[in-house]
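By letter and in written order, the chains are A, B, C and D; residue numbering begins at 1 in each of them.
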Amino acid sequence: MGNIFGHLFRITTFGESHGGGVGVVIDGCPPRIEISETEIQLELDRRRPGQSKITTPRQESDTCEIISGVFEGKTLGTSIAILVRNKDARSQDYDEMALKYRPSHADATYDAKYGIRNWKGGGRSSARETIGRVAAGAIAKKILQQVAGVEIVAYVKRIKDLEAIINPETVTLEEVESNIVRCPDQDAAQKMIDLIDQTRREKDSIGGVVECVMRNVPKGLGEPVFDKLEADLAKGMMSLPATKGFEIGSGFAGTLLTGSEHNDEFYTDEAGNIRTVTNLSGGIQGGISNGENIIIRVAFKPTATIGKEQQTVTQTGEETTLAAKGRHDPCVLPRAVPMVEAMAALVLCDHLLRHHGQCKTV
Amino acid sequence: MGNIFGHLFRITTFGESHGGGVGVVIDGCPPRIEISETEIQLELDRRRPGQSKITTPRQESDTCEIISGVFEGKTLGTSIAILVRNKDARSQDYDEMALKYRPSHADATYDAKYGIRNWKGGGRSSARETIGRVAAGAIAKKILQQVAGVEIVAYVKRIKDLEAIINPETVTLEEVESNIVRCPDQDAAQKMIDLIDQTRREKDSIGGVVECVMRNVPKGLGEPVFDKLEADLAKGMMSLPATKGFEIGSGFAGTLLTGSEHNDEFYTDEAGNIRTVTNLSGGIQGGISNGENIIIRVAFKPTATIGKEQQTVTQTGEETTLAAKGRHDPCVLPRAVPMVEAMAALVLCDHLLRHHGQCKTV
Amino acid sequence: MGNIFGHLFRITTFGESHGGGVGVVIDGCPPRIEISETEIQLELDRRRPGQSKITTPRQESDTCEIISGVFEGKTLGTSIAILVRNKDARSQDYDEMALKYRPSHADATYDAKYGIRNWKGGGRSSARETIGRVAAGAIAKKILQQVAGVEIVAYVKRIKDLEAIINPETVTLEEVESNIVRCPDQDAAQKMIDLIDQTRREKDSIGGVVECVMRNVPKGLGEPVFDKLEADLAKGMMSLPATKGFEIGSGFAGTLLTGSEHNDEFYTDEAGNIRTVTNLSGGIQGGISNGENIIIRVAFKPTATIGKEQQTVTQTGEETTLAAKGRHDPCVLPRAVPMVEAMAALVLCDHLLRHHGQCKTV
Amino acid sequence: MGNIFGHLFRITTFGESHGGGVGVVIDGCPPRIEISETEIQLELDRRRPGQSKITTPRQESDTCEIISGVFEGKTLGTSIAILVRNKDARSQDYDEMALKYRPSHADATYDAKYGIRNWKGGGRSSARETIGRVAAGAIAKKILQQVAGVEIVAYVKRIKDLEAIINPETVTLEEVESNIVRCPDQDAAQKMIDLIDQTRREKDSIGGVVECVMRNVPKGLGEPVFDKLEADLAKGMMSLPATKGFEIGSGFAGTLLTGSEHNDEFYTDEAGNIRTVTNLSGGIQGGISNGENIIIRVAFKPTATIGKEQQTVTQTGEETTLAAKGRHDPCVLPRAVPMVEAMAALVLCDHLLRHHGQCKTV
């Protein structure tokens, strides 16, 4: 269960990190959207490991194939299947994991739930699972851009205690992609890169915060009660591997203000649009977008796989130790950036279609 | 859209703050659970306003009626409808709101989405909407308690900058209910009460953080990918009115640690159970419960309705000012405690049934 | 489970035949639709028993109350709850049924599934459950009529072996309502009434076929694979109590033709629209409406409750006999007509919104 | 939309008849079920065209590959993706169809709905789409067989007016597979084969009825209201290409009986089980299985693609004629048999898991 996301723009992902491949099926994509494997590949390449000295060196080519739903370069309105073959083979690296539970990984919980697991890698909890999300997200982004000019930009806001200064109103994809840590504050970026590199040498790992801004989101997306736009964004983000927290607008810090400080007062701009003076709400009020920028933050814990030796147990409960072999990923944050963008796009696209279905019909 | 929550234990809520009433229909409740209006009323009374000097004085009796699905004191397995009639009718208080948008309320976004709104109160964004959730949560709690001995306890962890010291391992419902602010740290509680009372006199409002612990949750609940247990908890909590953030386990603070500090090492306890030494994961790994306590925190912003005058606009965009009439609720946190418990119970109960359906069948 | 129907226009029904009441919650209704209790009541009155000598004499007033989602006569876009109180309380008639299983009723299967049942009446299998469907159907009809001029007319096509001759192209609601058996062929209608009356005197029951035509359905409704328009119509109809079969267009008789006889050849009409010469497809091709009239037929078995003595067993398996007390309903067909219309409207309305969401967005 | 089926055992299918391939993703399959590509291939081979002189000669190898969700021969509980590559290439056969609408095909409705279609073949309306269903059905059958000993056997009951005499209580898969028309009445089978062969020579097509019996279905599957077991079976069957009607138990013929003739009286068998003397209900009462054999019938119209010349129009509405090139399939019935079995298995398996989730938890 739980491999389906969305209500009108619905995606189903599949695939373990080891086995035939990973991918996604999109159900409900609007027809006549121009889409190519090249465009999807661009996003997949951003999330791929082995891109720089600060990410995992695991070499994955992650070449995508559109199996169905696209004809002569355009979506058909029917289900779109996208497949990425697995390449790896070094499963001998995983032999030890057939027996030992990796701390803070899902090995033990999979065994508890299913009584079986694919011990060659992380199963469905591998970061490879996000390939399907990013591929579908590429299409969702295209639809949002085409229908409403929506822009979604995510970036590394903080690594451990190194916080960047970034203006969400103006930050661009080019600035984000201008360095390997995907932090558009160049000074902070260099410090982050150094810290990640040092952490890698220490066989340890670190985490941080990704911030994401959604601009030009039409007013009216989101539903009043359970499917509030921020609730679905929270679910999407908290379903990404290694996430521990979610905030919108003022977030946890907003709890330190009084109502008179926190409320976003209204005004009418020159074009006659009703706007808010401040945006502590983060672009959503009562679960529905208000036309201001939607701003969220997602906390990613330090990667669980580390080279340092740790206490653990075997499947049968015997105590032992484990140290991950080979080079590992000291910090998932740079690769998490496209994942966060993808989930934001999937949520917005689904709500765009839902809103049109219910409210533009009459 | 968006008035349905859950997959096997599904609830549909209905009702505006003004109109015939509010309530819930539960689809998928197991049969033969003993349940009475009295038990549900107990939870409803906890979330009811007008209980003390620090909450809104709006008098709501909130008496629930079970319309269907229960026969001779036991659930039938069929859909359970619960109705609470609306009483309060001082809609003249709301006349001004027919025209003016309340800052950081949903008035403007409802108009943008639907082109119509019930201006007599907060519509579906009123805290009254949570009555249905709390009623259904009472039944979910009962099932969880009966099937697995699950205990769910929420409490006020922080009001503005006043943070309480509470042991989630041992805290009890009785301790929570021992004071009107629902904070089991008595020293902090008194300071919180004073601060809320002072804020009320200043016609302002404040927010804070509710923490919730779920104990004795069976291993194996939650699904690997989109329906991770923490993702559904995040969605449930972020769908409550006035929430701005969600954390599990180490949360945002966990991003300041290294992997070797953050990982929860395994050991085998005397009873032969595989356990973790620490619990920075917060009871969930890879989206699936691991048998440790599940601990979450939810940020609630300061209530939007305040007596102080604020800048705003009318429906047609003319700039004006607004100051809420009558006594208002200076702090929603005490009443948010049973809402958080209800959402936690609804998520866990749904996942319990889903897990049994998929994994206990064979 | 199973009390929710639809995907974008979703309804949840509740209520047993005995207990507080029955009703429905509609999630996803478009905003700003004018709707009143009077309009809903009109449809409820058509499905109400006790209307004539040929239906069950059970007196039900079935007065509906809109609890939420409608403000100043218009839908708000939020969830609409409609409640009908139960009145009839002659549960002493049912005392025998606490112990004995009624043949071809759901008593035994409810006990097998849930281990409990509300023996005061038919529980969720009572025809009273359809009140919620008919109420929601009244709103769906209104939307369809307003958005696309869709007309839905159902009528009794056959009672036992008495078949009526009716032109689905032209038949009107007025003709259907012109007699108590709801058969617009007046000659057949009189014979049907006589047969039902005679059957009633024999303490027996009879069944038949309801036909339903949907006119002016826009092209493009329905989805290619599982949610084909005819598949969802089939599900909707086969979810009505006492149904045993479903047909669309040529139906079972169409299997006696060859392809060259059965295919609907295309032509272009004077207005330039692509039309079909014949309509053996019944208005749907490949699961999608083609603009021709949609025509379906639904088989209703003879009512299970009869006054004649029958062999049965008690809950504990002891063999016994049972004869239903009091007057019973000798033929459900006249009352089934508005139920069929309601389900047709619910399916079409849901698909209209889905189609707009996916295909009108770009 | 509409490419997802089921609630707990959910499948998503994808693929056009021409393009990369077709397949299915299963979400919610129980863990630790032994399954191999060989077992799935067995069912796919039954549905494959080109098997005998009476089916379409289109050569499809239809070799399946399990991409994910199975490890060392057992299901993991995670999503199972199965892919079948397309082989064909003779798309020049379809060039004419780029312009002309085939009568009673979905060409025109796809264009009306999406404004685009894959004219190289039947798109999602091709019988090839059922490959994903049959593959998933093979796994559902295995689960049903293993958990409850359920047997599902479908067979050709009628071709045009040639009706077979078959005992659903005893008919076996071996008998069904003993001839190329999949009709276990050998006399009728020979006549059917002759009729199909003659029809093929006449460049025409014929239809008929498939009957399906489900034996050893546990009591209690199905839900009382919308998700009645027969409603979901009806939806599943009516979602298969070329279906025009669905019946359960007595079906349309049951409307000719009186209640006293139609009711299934109860008795207690030697083992103490409550049984019914007759089975006109077809194994389901009140939407819930009663332990008797479930018997359904599905009407398939004559195949739309025929060699005879027909009147039609082009995409732009110009009138023209069309005669399908090459050999075509004169009768889909033999290949429809495994499709019907697959849909029956998918529905039963989903309801088995749902029932366990709701009713076996407490």
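Things to note:
In the analysis below, contacts are C-beta pairs under 8 Å (C-beta built on N, C-alpha and C of every residue); 3 or more make two chains touch, one makes a residue touch a chain.
Labels paired with UniProt names: A, B, C, D = Chorismate synthase.
The structure presented is a predicted model; accordingly, all values stated were derived computationally and were not measured.
By number of C-beta pairs in contact, B-C leads over the other of B-D and B-C. Repeating the A-B interface, with the same residue numbers in over half of the contact pairs, is the pair C-D out of C-D, A-D or A-C.
Each chain gets one centre point, the mean of its Cα atoms, and the points for subunit B and subunit D are 45 Å apart.
Centre-to-centre separation between subunit B and subunit C, using Cα means, comes to 39 Å.
Those residues of subunit B in touch with two or more other chains are numbered 1-4, 7-8, 13, 28, 31-32, 77-79, 113-115, 123-124, 224-225, 354, 358-359. In the complex of the two chains, the subunit D residues touching subunit B come out as 7-8, 28-33, 77-79, 143, 146-147, 224-225, 352-354, 356-362. Subunit B makes touch with subunit C in their complex at residues 1-4, 8, 10, 12-16, 19-23, 25, 27-28, 31-32, 65-69, 71, 74-81, 83, 113-118, 123-124. Residues 1-5, 7, 13, 101, 103-106, 108-110, 112-115, 123-125, 129, 158, 160-161, 199, 204-209, 219-220, 222-228, 230-239, 241, 243-252, 254-268, 272, 274, 276-277, 280-282, 284-291, 299-306, 308, 310-313, 317-319, 354-355, 358-359 of subunit C are the ones touching subunit D in the complex.
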